[in-house]
Amino acid sequence: MPFVNIKITRDTVTADQKALLIQGVTNLLRDVLGKNPATTVVIIDEVDTDNWGIGGESVTKRRAAGK
Amino acid sequence: MPFVNIKITRDTVTADQKALLIQGVTNLLRDVLGKNPATTVVIIDEVDTDNWGIGGESVTKRRAAGK
Amino acid sequence: MPFVNIKITRDTVTADQKALLIQGVTNLLRDVLGKNPATTVVIIDEVDTDNWGIGGESVTKRRAAGK
Amino acid sequence: MPFVNIKITRDTVTADQKALLIQGVTNLLRDVLGKNPATTVVIIDEVDTDNWGIGGESVTKRRAAGK
Amino acid sequence: MPFVNIKITRDTVTADQKALLIQGVTNLLRDVLGKNPATTVVIIDEVDTDNWGIGGESVTKRRAAGK
Amino acid sequence: MPFVNIKITRDTVTADQKALLIQGVTNLLRDVLGKNPATTVVIIDEVDTDNWGIGGESVTKRRAAGK
């Protein structure tokens, strides 16, 4: 019954990669805590790089500056 | 002053249906807890089916498999 | 499969009131969008009034000021 | 290491305004709590006005009614 | 730079089990998407069973009923 | 009408410091986006250091190791 929310920047993430994240997190919760995969929910949020800040500046600016 | 976040898959949900969700949740909080509707905030997130996992696989795959 | 998060201030909310919120939101999603209650998840967060701000001040201070 | 999520309605918010929000919140956490800007994460969610409710109705409807 | 939030019911989860969740999710994001572990943040929320609903009733009630 | 959620580790944060965060974020949204302070909501979550991971390990372990 766990609920997992993964937030990543909106890059070229494929459906296959998302499927691997969903499967991997679900298996992890089964292995570590015995949680039932059938009721484990995983939601992936992809966030525009203008809308994601770290170090006081947006990821857009950081990437443009080669950080 | 409550804050409610509803996450659903991105399907053909209409503005009228969203309005019913907002009104219904707001009324529920008024009726059960006496919360003031004027300051009750409801946010609806629509999530792509590739980005929503349950049972270890995406909703996209589950629907394709007839689950 | 919807996921709902309700945030309210930590007051004397009873288990019965929480049960009414869970039931009410689940029924609402079934009635408006046809969502299956069996997989609808509702999580209630109770937040200390020091940690909840509106109008630029905490709920603790607002209540002390009779707002 | 703080994590901040800002939710606003999806209006014509510019990248520069988002940058000011990211910078401002990051500085605030440094000034008030001594948090290290290098590991402060800020995520801005822009929400459609149909999907944001207050007072029991959507922001779309409120604006159309001149509220 | 990913941010992951894991919500589970408040049971007897140990610090070691939490450490395994943190490590496992961080490694998963490195392996699938090449994300840098140094800036991957994981937050675990433990939720009282009165405050977690599924199927229209609280986990407290479901467990009492042997579900 | 913005909604802001600030997550920090559970340390000795005082009510006064929380009040400064609430006031500061509310003013920032007024100054940058013209948002009305009266309807700006800020929620602060304090997270146990066992439950907060970065770099693949909990903050508890990082602090014990002098990181």
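When the chains are written out, they are named A, B, C, D, E and F in that same order, and each has its own residue count from 1.
In this text, contacts are C-beta pairs under 8 Å (C-beta built on N, C-alpha and C of every residue); 3 or more make two chains touch, one makes a residue touch a chain.
For clarity, every value in this text was computed on a predicted model and none was experimentally measured.
Here the chain-to-chain distance from chain B to chain D, counted in touching steps, is 1. Interface comparison, C-F versus D-E: the higher number of contacting C-beta pairs is recorded for C-F. Interface of chain D with chain F: the two copies contact each other largely through the same residue positions, with over half of all numbers used appearing on both sides. With every chain reduced to the mean of its CA atoms, the largest distance from chain A is reached by C. The contact pattern of A-B recurs in B-D, the pair among D-E, D-F or B-D where over half of the contact pairs coincide by residue number.
Between chain A and chain E the centroid-to-centroid distance comes to 14 Å (mean Cα coordinates, whole Å). Distance between chain C and chain E, defined via averaged C-alpha coordinates, is recorded as 20 Å. Residue numbers of chain A whose C-beta contacts span two or more other chains: 1, 3, 7, 21, 25, 39, 41, 43, 52, 54.
An unclassified topology is adopted by the chain contact network, corresponding to no line, ring, star or complete arrangement.
Contacts between chains, counted with the stated touch criterion, involve the pairs A-B, A-C, A-D, A-E, B-C, B-D, B-F, C-E, C-F, D-E, D-F, E-F.
Listed in rising order, the residues of chain C touching chain E in the complex are 15, 18-19, 21-23, 25-27, 37-46. Here chain C touches chain A in the complex through residues 1, 3, 39, 41, 43, going by the rule given at the top. Partner chain E is touched in their complex by these residues of chain A: 1-9, 13, 17, 20-21, 24-25, 28-29, 31-33, 35, 39, 52, 54, 59. By the touch rule above, chain A contacts chain D in their complex via residues 7, 47, 50-58, 60-61.
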